[in-house]
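Chain nomenclature is as follows: A, B, C and D, assigned in order of appearance, with residue numbering initiated at 1 for each chain independently.
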Amino acid sequence: MAGEVVEVEGHIIDSLILAKVMDVILAAGADYKVLDVEIGRTNTDASRARLEVTADDEALLDALLVELQAHGANRVNQADAELVACDRDGVFPAGFHATTNLPTRVRVDSRWIDVDNPEMDCGLVVLDDGRVRTVPMHRVRVGDRVVVGHEGVRVRGPERPRGANPFEFMNSEVSSEKPKALLVADVVERVRRAKERGGKVLAVCGPAVIHTGAGPDDAALVRHGWIDVLFAGNGFATHDVESNVMGTSLGVSVEAGTSSEGGHANHLRVINEVRRYGSISAAVEAGYIDGGVMFECVKRGVPFVLGGSVRDDGPLPDVYPDVVQAADAMRYLLPGVQVALMLASTLHAIATGNLLRADVETFCVDINQAVVTKLSDRGSHQALGIVTDVGLFVQGLREQLVGP
Amino acid sequence: MAGEVVEVEGHIIDSLILAKVMDVILAAGADYKVLDVEIGRTNTDASRARLEVTADDEALLDALLVELQAHGANRVNQADAELVACDRDGVFPAGFHATTNLPTRVRVDSRWIDVDNPEMDCGLVVLDDGRVRTVPMHRVRVGDRVVVGHEGVRVRGPERPRGANPFEFMNSEVSSEKPKALLVADVVERVRRAKERGGKVLAVCGPAVIHTGAGPDDAALVRHGWIDVLFAGNGFATHDVESNVMGTSLGVSVEAGTSSEGGHANHLRVINEVRRYGSISAAVEAGYIDGGVMFECVKRGVPFVLGGSVRDDGPLPDVYPDVVQAADAMRYLLPGVQVALMLASTLHAIATGNLLRADVETFCVDINQAVVTKLSDRGSHQALGIVTDVGLFVQGLREQLVGP
Amino acid sequence: MAGEVVEVEGHIIDSLILAKVMDVILAAGADYKVLDVEIGRTNTDASRARLEVTADDEALLDALLVELQAHGANRVNQADAELVACDRDGVFPAGFHATTNLPTRVRVDSRWIDVDNPEMDCGLVVLDDGRVRTVPMHRVRVGDRVVVGHEGVRVRGPERPRGANPFEFMNSEVSSEKPKALLVADVVERVRRAKERGGKVLAVCGPAVIHTGAGPDDAALVRHGWIDVLFAGNGFATHDVESNVMGTSLGVSVEAGTSSEGGHANHLRVINEVRRYGSISAAVEAGYIDGGVMFECVKRGVPFVLGGSVRDDGPLPDVYPDVVQAADAMRYLLPGVQVALMLASTLHAIATGNLLRADVETFCVDINQAVVTKLSDRGSHQALGIVTDVGLFVQGLREQLVGP
Amino acid sequence: MAGEVVEVEGHIIDSLILAKVMDVILAAGADYKVLDVEIGRTNTDASRARLEVTADDEALLDALLVELQAHGANRVNQADAELVACDRDGVFPAGFHATTNLPTRVRVDSRWIDVDNPEMDCGLVVLDDGRVRTVPMHRVRVGDRVVVGHEGVRVRGPERPRGANPFEFMNSEVSSEKPKALLVADVVERVRRAKERGGKVLAVCGPAVIHTGAGPDDAALVRHGWIDVLFAGNGFATHDVESNVMGTSLGVSVEAGTSSEGGHANHLRVINEVRRYGSISAAVEAGYIDGGVMFECVKRGVPFVLGGSVRDDGPLPDVYPDVVQAADAMRYLLPGVQVALMLASTLHAIATGNLLRADVETFCVDINQAVVTKLSDRGSHQALGIVTDVGLFVQGLREQLVGP
């Protein structure tokens, strides 16, 4: 038998941290004894608990301790973190500490140092100036000092949003049977608050935003400054440009809803022309693109990343064909983002979820419940799912944030 | 080998009748030879084709001919229909002709008589006055003369709506990736046209209409005369009343979206009180119910049928606990209905679909693509599916039909 | 300000009871102070906590206390329950205590009495012999003594299944991305254990069991004694009989998978013939039905309830057209049921979920995640969802329980 | 008014070509007159029709003619195709002919030449040796002679599979309510037939194949030679390796189904180690990977393409980070593929669908109906959808193709 004492603190009851920790221990076939527990008297007081964890052998206990840490249960007795230098570019040392997206501290030279930029599924590199950063695997270089093992690392358990809100708790958080106007109003409120405190709003857009007719609404949100960063793929940008360029130049009215029948090649022509101009921005300047979401981004200077995918036609010249570079470009734009709106995007929403800190308010809007579930399953637990029609939802956002 | 000549007429190419008929023949392991075909020169001209169908034996051919008739392929040579009197209440004679919901004629005494009220899955009864009616199984009585076999029956193949429209054709008709504002506008247009020509509009409502916050919009549609008949279940009516009564009497605001958490018993209390009053109408008169969809129905004299289901609490006193009587009550209200809106209802939508003539314009609105598919699979081929959020959709209907 | 002390006990941490209670209090706009808390040292020890709840006024506090009780938080100081006699058949007294499906005790004459048959959404009637029973609204009679208010009622909070199991916890419990063979094995294990301890297994079957080809597997489970009670609707029974009767009598092979194209009227003919025999059992005896699920039920004496619904054709003579009677018939068969398998049924699954005690192990198998969510949203929190293909799932059950 | 005569031939009735053509004309606001029509007498005879199409102006007519061609309706009078040389790498000349995935012929020097490799959304390049090839936009080079406009191009309309089969027609082709064992058997039969005639079988695999426990089944299919080419992403390969490597090395049993709880970092460790080895193949040789789908691919020499995506962790060293290169690598492996199995993959399935000729038998297996719909909406009309649990489906394939 092997044993170790771990502690959790924060809103361990109502944010379910303690329950989750107990569950993980039992699910692993190990056991626990509660040593002591202090429950905050009011709902704003923090609580704290210490558990003695026992397992059949050290290997199991070690694996379990790693797991528990990801849920905010840290070993009580901790020495300095063990640091091992990389001996190969793009490869971590064996036993590297794999990060969560939660606030994390690392003990170096007997001092606890906050990790600069929490991001899940990375390693922790201690820089020469003493700072600690998360680094994705492909960017680690020979000589980087990487944290190995679970010694000297503390993770703060996740907090769920406090106060009454229309997003339900613990049952089926993503049911489609919710009052939708309320959800729109709640998202509007959070966007407003984030902007007031100087935060940025990120929109991650899938092509269905355009297909469902919400392109002009989305563009209005950009034009009026409600969206500060935009992530999307080749499809979204292409259909956005296509709906603007082809809607006026060919006489086939986008408004009639019959355009999808005609013009199977329109998106190709649009991509081809933008390639000729060299970039979306050049096509805007030349007057080829005169409206739409991408147009507004260019005009307003809203930065965007178009990440490539293997299904892309063309692609547009602004698309990153290298997906590793695309993710790095996304990382570069994330500091300051406080609200993330995932709008009918699966691929880019999950990609973005992978990069976001746990404290970014994230809303995943999709008509398909499974997409929302998938995002949460991939570790973005802070994401609140809204199962609704993205076309009508974005229209609602625009009406409330921009006006009729 | 057995053979027979069948003919189809109408828009057999573009309404896919001929293709479907060929498909059914081959799928049954039989074969066909095209005897002659006349294709209308313009898109409004009717076409006509005659096929010789051959099968391995008479039994297979007979089964196939029955099947073909359901798709509008009728035998060329027809004698009078064979009539057999029922010898038992609620049971048809063996070999009874099972109906479709398509326009049907029956040959009696060498004359072709139009069936009064096409309805699928019924029998055909020739009345003493010479009229022919569809009769559901449970209502047939000893002595009723029922059509047996496929002799002397002609069915007119289904026509699909003509002209450009935003509902796609032949591929995935129920994709969620459609311009939703256009679909709303199209449904609005059809509702307006139906009303202008004196037709009735039927709404079949599921509880999600209330859960998603569209109750007040739905009520406004009733109040302003856009809904002439309403079908629903105990759940819809209960939650409609609950959201109105409890929203004001208990201080728990429906608008906050947190009411679902509190008040797990509210719907029971509402049902209990309405039972005490004896009916929804009595509860309205007594002032207990002072708003909502059911309130507006009572005030405006819009007839409704609340069909019971085995999951019902209570139920409300207006609910038909006997489902066979409920279906009969629905049948009674259908004459004159030209547009049917199925709003987030599975059970009652399919029940209604079973009763509707093929020429009733039917829109099935649900966030779940499978529900729409199911309705179509159950034989309501005329139903156009709209995969969207019913809350936002009904709000859109109200904005365009009633105003902001 | 109004205040009251409540207590919770049991596995209040890991079954999330305490977190839920705190959440309900805050969601209602009230507040709490933790008076004391005792956490069980090991995972089998029970815990206990007392909270002082404060709200702005008595009305809000009262509503909240009712709500809290449904989650197992009971007032500390309790007098006898208030009993009010019904003054009208089928109507509870105002303020009646609405039940959950959790273990409940009522204080009468200073003694705590266990409720015989926990069922949600009922009232509590104290019988003359001192027993306390849940009674559905429609069955209460003038003079019945019904518990009113929340005084003198204690509810025990829900426990979730203990120990490691493949059903995930707290995140998306109904994801389709689970190892399916494991889920099958786990359900098999629970069925075996229930049978070993003398419990009954209930199957609630939807028509998709037949459509997906699992009819013979389902029948084998009945034949070998693994299913003790069966609930279904007209559709399931009809398609079960149709697939057996028509598969052999007409030569159209069910095995070819093309039968759905042909024979649109087959289900009607089957219903008509069974109506002629008078019952499924009579049709079995007469040899008309010689295989299938309903056949095995008749042969083995497995009781079944076929609840009517408003979409039914026919219906079969065994179907209860009165849904209130159908639910009563289902209630009659529930005692002793320890495992409930909801197989691709929405309507009857929710109906059954309404009637089940919280401690019946319930598995909801459906290819549609929304169905599973819906069941849980309706209050059947103990239901474990399995998002999979019911045809292949039931085949798996049969292979492991009956053999190849 | 502008007019032009087009003709269609082939199975224009039962493959719905003629109906679709009429529909496209009317949807565009144009009109047609049927000049003559010849319907094949038997189901194997081809048919032929000529239509005069009229539109308000030349621009509309031109756009319509392009659209009609994509459905197999070609202009009767055709001159040589117009060829324009590219003046910029990666950009087609304006007005380039955008391809479908249907058999296509181009008229050069008065001769009709078959296009080598039909692929949708490409351009047509006439090589110096007289051959005509489809070329994706990014690969066209300065000087390449590209077909412009619709003159001199003939497309053969799509044929749907003939003969009775369990895949339904024209209604909801992707309903989940199908006999699943039959669908498995049908796919098995088509795989066998393709192999017998020397064709290759392509599997496109998503991570859910592993998550649902079908990894070993999938590996057996590779090992026994039933899969000739494999396309997937970083996730599939990673989880495949993880389930094999971590299942044995860490003692956390994959079989218990609880592994997903533990080991949140396992996939990262696996990626890291394979990166250290340099490739999957090197890791196999070193004995680090000793089982699973990727292992079998390496052992058997089955070529695979792992296309990168912006959500990837790591990625594995075999993953193409450049998606344009990934698509080219996939193109390289497609010749000879006659059956494509899309197994719970959205991204890579659509990517593959974009590259496949219309005559490759394609099966899209997913538990989510929307995924199947999406593939078809993207132009892969030949894809037959199977809405089922991929875990149980692949297990079924293995049982029938490999044995128990």
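Definition applied: a residue touches a chain if its C-beta (ideal position, glycine included) is under 8 Å from a C-beta of that chain, and two chains touch if they have at least 3 such contacts.
From a predicted model like this one, the values you see are computed outputs, not experimental measurements.
Asker: Per the definition at the top, count C-beta pairs in contact and tell me whether A-D or A-C has more.
Answerer: A-D
Asker: Which chain lies the greatest distance away from chain A when centres are computed from Cα atoms alone?
Answerer: In terms of C-alpha centroids, the chain at the greatest distance from chain A is B.
Asker: Taking each chain's centre as the mean position of its Cα atoms, how many Å separate chain A from chain C?
Answerer: Centre separation, chain A to chain C: 37 Å.
Asker: In angstrom, rounded to a whole number, how far apart do the mean CA points of chain A and chain B lie?
Answerer: Averaging C-alpha atoms per chain gives centres 44 Å apart.
Asker: I'd like to verify one number: the distance from the centre of chain A to the centre of chain D, where each centre is the average of its C-alpha atoms, in whole angstrom.
Answerer: Once rounded, the distance between the two centres reads 31 Å.
Asker: Mind pulling the residue numbers of chain C that touch at least two other chains?
Answerer: Residues 23, 27-28, 164, 169, 176-177, 258, 261, 368, 370 of chain C each touch two or more of the other chains.
Asker: In their shared complex, at which residues does chain A touch chain C?
Answerer: Interface residues on the chain A side: 13-16, 18-20, 22-23, 26-29, 31-34, 37, 39-43, 49, 162-164, 169-172, 174-177, 369-370, 373-374, 376-377, 381.
Asker: If we count contacts the way the header does, which residues on chain A are in touch with chain B in the complex?
Answerer: Checking each residue of chain A against chain B gives 164-166, 168-169, 176-183, 186, 207-208, 211-213, 254-258, 260-261, 367-368, 387-389, 391-393, 395-396.
Asker: Residue numbers of chain D touching chain A in their complex, please.
Answerer: Chain D reaches chain A through residues 23-24, 27-28, 59-60, 63-64, 66-67, 70, 88, 90-92, 94, 96, 98, 100, 121, 136-138, 233, 250-252, 258, 261-265, 268-269, 271-273, 275-276, 307-315, 321-327, 330, 346-348, 350-351, 354, 368, 370, 379.
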